[in-house]
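Each of the next two complexes has chain A plus one other chain: chain B in the first, chain C in the second.
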Partner chain A sequence: MATTPTSSPLHDVRDGDPMLARPFQIRRTRKDTYDTVSLQLKPPDGDDGFPFEPGQFNMLYAYGVGEVPISISGNPAKNDSLVHTIRAVGAATRALTSLKVGDSVGVRGPFGKGWPVEAVAGNDVVVITGGIGLAPLRPAIYQLLAHREEYGKVVLLYGARTPEDILFRRNLEKWRSRFDIETALTVDRAARSWKGNVGVVTQLIPRAVFDPLHCVAFVCGPEIMMRFTVMELIKRGVAENNIFVSMERNMKCGIGLCGHCQLGSSFVCKDGPVYCYEDVRDSFRKREM
Partner chain B sequence: MTKRQENIAVLESEGLGYLVQALIDKGYEVLGPRIKDGAVTYDQIETVRDLPIGWTDRQEPGSYRLVKSGKKTYFDYAVGPHSWKKYLHPPETRLWEARRDEQGFTVIEPERETAKKALLGVRPCELQALAIQDTVFTGGPYLAPGYQERRSNLFIVAVNCVRPGGTCFCASMKTGPKATSGFDLALTEILESGRHYFVVEVGSASGEELLSDLPTKVADDAEKEAAAKAMERATAKMGRELDTKGIRELLYKCFDDPHWQTVADRCFSCGNCTMVCPTCFCVNVEDGTDLSGQQAERWSRWDSCFTRDFSYIHGGSIRFTVKARYRQWMTHKLAYWLDQFGTLGCVGCGRCITWCPAGIDITEEVRALRDKEQSEKVQSV
Partner chain C sequence: MENLERILSEHPFLEGMDVDQVQLLVGCASNVFFQANEFLFREGEPADTFYFIRHGKVSIETHVPQREPIVIQSQDEGEILGWSWLVPPYRWHFDARAVELTRAIALDGKCLRDKCEQDHDLGYEVMKRFALIIAERLGATRLQLMDIYGHNTDK
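Up next, the complex of A and B:
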């Protein structure tokens, strides 16, 4: 079953100037970890919400500092709250994560093709993420659980560097208490007080319960993590065209015009960021593509 | 108005002044070849005296020199370091401004440029470059802001190449030396047996209309023959070629070829080739504020895939070696481009060869890859 991720022009910014940022006010902020903050944004008055697909991203502009691609991490069924989860790693992300309630953030989007959540109904779904990669997958998990009866087994495998890096603890607790989603967590390293798994996320794959022949995997994390995850999945018998990955490249426009995000023949901003693994296999094997 | 026979006319050389004036009278800003800093560049033209009369150029890999020809010709040069993309896809554009206010900030849309421009002396390969950039900027899903407005206000006077430049290879790219479409008027400059004139082809209704104001006559067989012969000679004189047969597959196959390293050993990664290329479209998007922080701006500026920053993501650049960057540039031009936009990204203008300080020649590099591929095939038989 090869499904190419699709995106419908839900929130069509194509008619206006696609480079114009629209200021959205911050309604709420939440400190997820020591270096990661979620911003809940309120669309400008008169806008009827912000429809998006799980896996799509926005270009977020911190006034005067810069603009960077950030995935939407909120619930796609809730149009009135646009949530992004941002890890501070450099100038723009530091500026974005230091903003306060009431401040404005420039928004362009939503851009790109997301996870084919609807298209894979009927299958087991295995979600495997590392680090901040859980943010772009949370909307997909929300959507899977909202239509739980349409899927077989649903499995979430999540790896963080340390217990302090674990995102969305409240979500995770809720999901772990449900019987219709298997949630497994691991950290790369931890103090002795940590009672959970220690090790890389790929170690969770052999133990997870799913039917490799009727299963679709959504994978997001650092490229090296994705490479090993895909290898493990293939080892378990998951077909390459049932594995979806979200790719990361430098992005300056989000709309296919600046050239920065090119990955071989494709533009990650418009042909991705979510790809069927089969279509980007080369870039995992070839260096510096 | 009677239909011109086969739309081919003759304009005596003195008539070129009328053409420039007619464009100015119609409200066009006329842009054309002018000598500046020792090269033929594109700039505003007020009279035909601004054109590089009596100049020609000597171009080789890594070298460009203007020389006096002693002739009265206007267009006896080949393309220089400028390309028309500087008018349609400017080196820098302010995308918008923003002002701080109580709500945070307000974004102010830029004013769109609506000036009518006439491009005089567009070479056939440059017409193809324009067509390629049209696809890039208007092929969707998103339109490049302002591009269509600039593009639709153009009048294009093409000039066929009777003398290919030293690094040209348009014939093998099937983009020249004769213009076939994409112009309003196309001129072939003939200077033979003391007579100096232009054979003029009409490519559009506005071309037809402009021509009707000029002192032209219908071209006779001898004049048409002279133009056709000039084109044949130009094709025959083309010193370079790039064999495009199976080029995409060749480059995909050669991704890991050690030959890229031998190019990288010579390449300075200066990005000249991308700046002079008429099809390269990549830009950087830069944000900043004034000193008070009350006003912010966003600019788009030409960028080059030869910089390390181009592919930077947190943790390091994707293409951190020169080898990977040169390979990306050439593979984009000759392979990825076909997948992305349905044409090659190279028109054979030769600029990247002339303006490369290392004299790296894209046609030679393709040949080298092809030869290696061939000899490997032979060995494995």
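Up next, the complex of A and C:
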């Protein structure tokens, strides 16, 4: 079963200039972990939000500091309020995570191609993610669960560094209590009070129940985590063309013009960030990329 | 014993092993269970057992003076716990604690070591299977050391 990531407009078609940021207001903030914050954004007065595909990203501009690509982490069925989950790692992300309700942020997007959620109906779907990689996959999980009857088994395997790094605890608790999604968590390090798994996320793959011959995997996380995850999926019998990965490069313009995020003959901002593994396999193996 | 034989012969770890060899293993096997927080073994003790975990979860831990013990890895249902019985000086390197009620089949490693010495074909089969487990655990430990969910992302 080969399919391609979701095709979407390169940018919000109602917004004339894709390079022009629109000012959105912070409607709500939520501290997800000690260094990660989710921002719920409100469109400018009288303006509609915009639809997006799970896996797409926006360029968020912290005024006077810088612009960064941030995946949309909210529910695609609710396009009136955009949610982005941001980990403070640099100047721009630190500025964004410091914003308060009512502050303004510049938004360009949505950009890129997302997870082919609709196209993989009929299959088991295994979502494997590590660290903040759960954020770009949350919209896909929302969509899978909204159309649950169209899929076989749905499995979520999530790895984090420590219990304190686990994102979206409320979502995870809710998903774990459902009978129609298998959710497994693991952390790299923990104290004895942690009752869950300890070990890397790849260790959860042999334990998960799914049919490798009729299974599509969505994988998102740091590239090293994805590399080892893909190896384990292939070992389990999942075909390379049924594995989708979200690539991370230095995205700047969002429309494939500036060339900063070039990956072989494609641009991650325009042709990705979600790719079929088969199409980017060589980049995974290439050193110094 | 018949039940143990069936369980062991169906376990993926012993897949492809000769029926006679499985029977030799059954001769060293017994059913055990551990309540939550009970230790299966502790660091430094003689390592003369390994376990097929049938139900529950076991955490591999190490103690640090004046700090809470650190959990290094957890082993789940269907997995094999313990390989220190196979390599000198046959002492456990870490503690193993049942996180919840855990049922397992315990195999007497000392008995099996003797059988492997007497029957090198059996020894090779056992060693081959444990080499795979040791390699997997080493790979997993390396990944843990790499800190693969690191903070280098803006996603």
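The working rule: the second predicted complex is superposed on the first by the 283 of 289 C-alpha atoms of A that agree within 3 Å, B and C clash if a C-alpha of one lies under 4 Å from a C-alpha of the other, contacts with A are read in each partner's own complex, and residues count from 1 in each chain.
One rule holds in what follows: a residue touches a chain if its C-beta (ideal position, glycine included) is under 8 Å from a C-beta of that chain, and two chains touch if they have at least 3 such contacts.
Remember, predicted model here, so these are calculated numbers, not experimental data.
Undergrad: With the two structures laid over each other on chain A, which partner does A:V101 touch: chain B (first), chain C (second), both, or neither?
TA: neither
Undergrad: Looking at the overlay, what does A:L213 touch: chain B (first), chain C (second), both, or neither?
TA: neither
Undergrad: For A:A77, decide between first (touching chain B), second (touching chain C), both and neither.
TA: Touch partners of A:A77: none, neither chain B nor chain C.
Undergrad: After superposition on the shared chain, which partner residues are touched by A:V89: those of chain B (first), chain C (second), both, or neither?
TA: After superposing on A, A:V89 lies in contact with both chain B and chain C.
Undergrad: According to the stated criteria, A:E248 is in contact with first (chain B), second (chain C), both, or neither; which is it?
TA: Once the two structures are laid over each other on A, A:E248 reaches both partners.
Undergrad: If you stack the two complexes on chain A, which partner ends up touching A:A146: first (chain B), second (chain C), both, or neither?
TA: Neither chain B nor chain C is touched by A:A146.
Undergrad: Indicate the residue numbers of chain A shared between its chain B interface and its chain C interface, in ascending order.
TA: Residues 89-90, 222, 248, which sit in both footprints.
Undergrad: Show me the residue ranges of chain A that touch chain C in the complex, using the header's touch definition.
TA: That would be residues 35, 57, 68-71, 86-87, 89-90, 92-93, 130-133, 135-136, 159-161, 165, 186, 188-200, 202-203, 207, 220-222, 224-225, 228, 246, 248 of chain A.
Undergrad: Quick one: in the complex, what on chain A touches chain B?
TA: 9, 14, 17-23, 25, 61, 63-67, 89-90, 103-104, 106, 222, 248-250, 252-253, 255-260, 262, 264-267, 270, 286-289
Undergrad: Given the complex with chain A, which residues does chain B contribute to the contact?
TA: Residues in contact with chain A: 95-96, 98, 100, 103-107, 109, 136-137, 140-145, 255-256, 281-285, 287-289, 293, 296, 298, 300, 303, 305, 310-315, 318-321, 323-324, 328, 332, 335-336, 339-340.
Undergrad: Where on chain C is chain A touching in the complex?
TA: Within the complex, chain C contacts chain A at residues 57, 59-61, 68-74, 76, 78, 97, 99-100, 140, 143-144, 146-155.
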